[in-house]
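The next part holds the structures, each set out as structure tokens.
Shared chain: subunit A. Partners: subunit B in the first complex, subunit C in the second.
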Partner chain A sequence: MTATQAPSLRTFHMSKAFGQLQALDDISLDVAAGSFHALLGENGAGKSTLVKCIMGFYQADAGQVMFNGHEAKVRSPRDAHALGIGMVYQHFTLVPCLTAAENLVIARADTPMVINWKTERKRLDAFMETMPFQVRLDALVSTLSAGEKQKLEILKLLYLNQRFLILDEPTSVLTPSEADEVLGVLRDMAHRNDVTVLMISHKFREVKTFCDSFTVLRRGKCAGTGDARTASIAELSHMMIGDAGLRPPATRTAAPKSAPALHLNNLSARDVEGRHVVSNVTLTVPAGQIVGIAGVSGNGQSALIEVLSGQRALESGHITVGDAAFSPTRRNFDRFKVFGLPEEPLRNAVVPRMTVAENIAFRSFDKSPLANRLGILSPARIRKRGAELINKFNVHTSSPDAPIETLSGGNVQRAVLARELSGAVDVLIVANPCFGLDFASVADIRGKIMESRNKGAAVLLVSEDLDEIFELADQIAVMSEGQITYLAATADTDTMQVGQHIAGHGK
Partner chain B sequence: MSDAVFSVLMAMIGGAIRVSTPFLFVALGETLTEKSGRINLGLEGNLVLGAMVAYATSYSTGNPWLGVLAAGAAGMVLSAGHGWICKLPKVNDIAVGIAFMNLGTGLAFFFGKPFIQPTAPRLDAVALGNWSATPQVRQALLVNPLFFVGLALAVILWWMLKSTRWGLTIRMTGDSAASARAMGVSVDRVRLLTTASGGFLAGIGGAFLSLYYPGSWNESLSSGQGLMAVALVIFARWNPLRCVWAALLFGATGALGPALQSIGISQGYYFFNAAPYILTLVIMIISARSEAASRAAPSELSIVK
Partner chain C sequence: MSVISPTMRRRFRPDARIATIAEAILIPVGALIVAALVFSVFLLVLGKDPVRFFGLVWTGGAASAFSLQNTLQRAAPLILTGLAFAVPARIGLTLLGAEGALVLGGFTAAVTAIPMIQAGWSPWIGLPLVAGIAMSVGGVWVGLAGWLRHYRGVNETISSLLLTYIAIAIMNFLVEGVFRDPGSTNKASTMPLSADWRIGDIPGTSVHWGLVAGLILAALLWILMERTTFGFSARIAGGNLRAAQAQGLPVGRLAIASCAIAGACAGLAGFFEVVAVHGQANASLAAKYGFTGILVAFLARQNTLAVVPVACLFGALAASGGLVQRRMDMPDATMLVLQGIIFVTLLVSETFYGRLPFFRTSQSGDRT
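Moving on to the complex of A and B:
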């Protein structure tokens, strides 16, 4: 029933529309047996829709799928699994409270009614011996690192004898060295003709290093295909974003040193279970500089940002802006001109169901001119001010009265920028500002952050995207297990060194 | 003096075994339900309804064991209603649970009026203390067979959750409904089945109340054991084996008041009778701070989310 050798997969003239939106328009994809194929494209280009049609989550309006040379009718993910097509999703589908072994056994279609753990363990150990990487079978999944979970997801597909693997941005949660290890193993397995891999990605470096061939989607159309080893990055990015061309990196100019610096002195904080998530973090962000904190998510960066924005209690240590002690209250944010762009703005920076104009007014609604001397708010002025800033910051919204949750990710972030950066800024605290945004928004938002720096603000930037850190930061710090483990001027370091410290191998 | 201490200790051990049985059944039922990611606060209703149905059945048929089965069946039907309503979109299981608690006790009071006066055949105890000449020991070791059934059930449940396909499926459903759905498991059906089975067990707990200890049917039979059992499940960290120890502990504190009274200390009787409720509060406070409890909690539970 299942193939033991790498299968091939082709789609012919696949189309799929959601209402007015043509998500896929006549896509033909050719993934040869035993190849490592990259599917490239911006957010919303149709990559996810295409693989979801292949997996049977969606039914294509037109077109067909050929699997191993035969037409395949895939009506549900179950059909896809039966054919031997498996997918690793961006969000893990492992069950956290079960062990790795339990997760593998329950994923089988023929799990026995009564599980004899002795014989199952023997079989699992034998299976693991044939695998190129190992995961601790007795560990609870909730205790595994992101890299181990990713490996276990892949092991699960192989355990289920699925030989056509679809990976949706598999390296977004991994350190650079973990990513290289996983992708290297997959490439070797493909070249041994054990599996065929289709990987959704937007990282050119990975595609160039590990993939054999590629297909680029742009706005639901096929924008190009070819040999990943010979195509240049310029060609690839041109196919992805079209004639708009590569955006120039944000320009850095000498900044005035008038603003106060942000000092973090020995900050510590705990999570709900009482573990230290931030321990003894000391860091100075000088005026007119961007200090970037790199690291894999879950190493305390989010907790640090929460401490600075008042969402998490500070256990010990103190924060100063210039020479004055700073505690994160609304009054102090105002007094010290501290502003922030937190990650996941829909969760941390806005009230999703309130209007765009109201959200933009959060920092000023109770002050003149939006409120009168008695503190009575003026909805008309809030709306007018909102409309002005919506215009100035190029927020695409149907109206200032639209609930902000109806906006796209890039426009929510622009609305937050409009609120935070419309006045004088002394300190700016930014976390993963471009996560999940398209090229145009990324350029816009990085430009605005650089502009604040150039005007003399002290900018603290937390990002999981190393390229972003290297593009924006003047100094780079690495955060690992709640501590700052590395700090260097951007000019004196490189991705390799930073990457090693992120992985915890630095000295 | 040492005689008095001995009497109190023996009375508490006997009381622990006697009083703990309904706690144990309700807690095991609630563990099973919560492991699948749903809370059924209505088990107090199952307990009272089970007590009434067991007594009525035993009275009409003359066979107390038929009463036990009937009580389980009544509890199962009641909880199946809970499970079915919770399948509907946007229904809060806690609110439905409180409604079912009132429904269960209401039904029991309504249909139970004619059975308050008559005497029904009760369950017999097994005398395990005949080797001893001391009356206190003999009295303490009169153990109802349902207690052993509860012990066996705890072991079976523990094994099932660890080593069967059903067990893994239940735990998966309780911890990550999304993964369960991705594997083709019907989350609603699993929860309906675990809620109904949990209700069956709670109903049997009720039968113990009316057919053994205290051993009659009246409207003040249960004093919130069904609700306390929910706290007990948190204390036992959703582990059926730990439920046994937790139930014994609750049973022992419940027996504190009567035990002291038996040696003539009646001062503070009501205070000692309140011991289980105080223990519940203390446990709630301690477990709210406990890391282990928060990690063991099935993450689909609506109180955890």
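Moving on to the complex of A and C:
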């Protein structure tokens, strides 16, 4: 396979509206051949819409795309692939039960009815020799690490001879060292003029370290462009969030030690296939503290949260709140004042088709004053209480009666906050609370979590975002392959040490 | 992304509920219209006149007091079997077990009534008791599918369907064996109930009291599902099982309870078929009311109140079947073809909820 030259891509005056929402407003983007270009912006700034227009998932209302200096008409992702534009999505699109080689071969547009594996394998080996990094071709994808999977995604595009690579937050599933390796390889390939890379990101460090140039979007408009190596972080963040300025981190105050602590003693749980996903986890969350559990997703953190919230059976071990044994039943949630902010609220915390007010009532619908002793509900009171909390927690919704699925991600999470944090909280179990949310929501939500801690709640926080853990947690634990492999007070550790334990290189 | 200006922010739109209700009515009605059009094409291909067909459905189903009563007579069991599908559907379970619960409920009603009659009990005491037994048997039978689902992970759709065939086989086995009335020479049946144990018609009509029971149950179950903590919990579990678990709701018990309620409704339908229609239990109990009930519940969008008018619609189709057969010289299966087409268009229409632009309740969706 002959390596072609890296292509260039420009968009001119791209606009796209969804109903009344102007998602893209006159965006002109210039990605030079052989460059590593960053596309920055808050959630909802229009980054994904822009690349989806380039890829042909959406048709822009106005504007045009120039590819290698020629106007390109991209009506579908198929057209984009034919031009040589490929995309790596935030989540893997590999088939886990096939090998790396099989994944590469089935990705071809012209996979024959009968695959001659001998010749395919020769082609693959020849192709791999030209690549700057390697992936074990015979390994099942399910056995590859996240970093290897991400490399395989990139190899897949190169194997299809797609030389303009669009990456949508490619490092969100990687450890810091894996991320640096993948981005370094991409930068080197770009500088050798093998590929051109357009990367959606919101991590300033990665942009500053690896990218050549950047474009910032804000509310669908182009907020700035320039040289990534010379721009300061302050400048970049100003372009991203405008004059609102950087939010101050949530303030931490000494908490009263009145509430009971949450103890996890030797917890173990299995997945559907019978593998241990949580093994012998022992951890204490003292009252008035946040204990953060860091780790790459899929190392048992979600399973641990599921055990604590009753979504997964506990195999062995026991949970206590204070001195009393705890099991995740509705009565115990109320008795011990245990509340939760699960990850992906639309999947774990709300019923998408029920109204906002009904969703807010999930904790209280079976108690006075929303229901009487016979179990008869009062829809009027549910609605009234919902409207009050919607106002108090600043949930943007067209009505308390709107289905909650019509709200944006940040507002769904605010509605869940309104439900879980409107009363006294002794234990709070939180998982990736800010994933995919915009700056304003992130500030709100972290502030509320800190407020609960400051009032004396024991907070268990699972997050894939190390910055979030370092901002909020009093103690940091690392979870790897279902076990707690590291525990330290936040003051006594740093990103490097935690990162090493996340990557499994701890002492 | 939120582009709502601060001044607009607090102005709630009052029409969100209305839009939801309008959608829930217009989409099924649209599906019915499409089904009627497709069926008209089917008739035209056969060289029959669709206008005449729908005219005959009107004549046979609703045009006179006689045909109206005929319709309601057939609607009565459909209300109950429609409820039997709708209630577990709200908690996310697809149960095809109503036919089996109806058959077993009817059968136990027939065989438990006999010794009471022979012992000379008053029907005023005996009939409610028999009705309770029929409902319990139906409840246990379908509850079994819920139990298997929760404790053994068995797919409830398959198990309830298979339980239906087992129920029919059990009834046939017993009716042709130990419980056979030696006098039933043509068609194996249980002993007929004496006249004073037969439930009569609602005064002034030819419609039996099963219709009233259906109406009362539909209203009670509506209150249960919409206005009680049980129904609210069931709706949470049906809408998002993981969220229900995270709220500590007893999802297993909720599922089994709604299966048992479903079975009890179907069992009651069986009771009325025996004490009001047939007077004994035999193979005619398995008249597919349980399966038509699925269609009824689907068209009613699992709303227990809406089950009533929809059951009447299907009752009218059934009532006019004979007329269509005679006047248009068409086979008995014609109505089944129409029912099948309605079912398919309904399933397709399910995909339109939330997608029709004029029902959108909010523009603040996040598109990134």
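The working rule: the second predicted complex is superposed on the first by the 499 of 507 C-alpha atoms of A that agree within 3 Å, B and C clash if a C-alpha of one lies under 4 Å from a C-alpha of the other, contacts with A are read in each partner's own complex, and residues count from 1 in each chain.
Keep this in mind: a contact is a pair of C-beta atoms (placed from the backbone, for glycine too) under 8 Å apart; a residue touches a chain by one contact, two chains touch by 3 or more.
Treat the numbers as computed from the prediction; the structure is a model and nothing was measured.
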Subunit A as common anchor, with subunit B and subunit C clashing or fitting: fit
Contacts of A:Val114 with subunit B and subunit C, given as first, second, both or neither: first
Most subunit A residues touched (candidates subunit B, subunit C): C
Touching partner for A:Gly340 - first (subunit B), second (subunit C), both, neither: second
Touching partner for A:Asn266 - first (subunit B), second (subunit C), both, neither: neither
Contacts of A:Asn193 with subunit B and subunit C, given as first, second, both or neither: neither
Which superposed partner A:Arg78 touches (first subunit B, second subunit C, both, neither): first
First, second, both or neither for A:Pro96, with subunit B first and subunit C second: first
Touching partner for A:Gly274 - first (subunit B), second (subunit C), both, neither: first
Partner chain(s) touched by A:Ala371 [first = subunit B, second = subunit C, both, neither]: second
Angle at the Cα centre of subunit A, taken between the Cα centres of subunit B and subunit C once the superposition is applied, in steps of 10 degrees: 50
Gap in Å between nearest CA atoms once subunit C and subunit B share a frame through chain A: 5
Contacts on subunit A seen with subunit B and repeated with subunit C across the two complexes: none
Touching residues (chain side subunit A, partner subunit C) in the complex: 18-23, 43-49, 219, 309-311, 328-333, 340, 342, 347-355, 358, 361-363, 365-366, 371, 375-377, 379, 387, 391, 396-403, 405-411, 438
Of all residues in subunit B, those that touch subunit A in their complex: 163-166, 168-169, 171-172, 174-176, 178-180, 182-184, 291, 294-295, 298-299
Residue ranges of subunit C touching subunit A (in the complex, touch as defined): 1-4, 9-10, 12-14, 16-17, 20, 226-233, 235-236, 239-240, 242-243, 245-250, 354, 360-368
Subunit B-touching residues of subunit A, taken from the complex the two chains share: 77-78, 93-98, 102, 105-107, 111-117, 142, 272-274
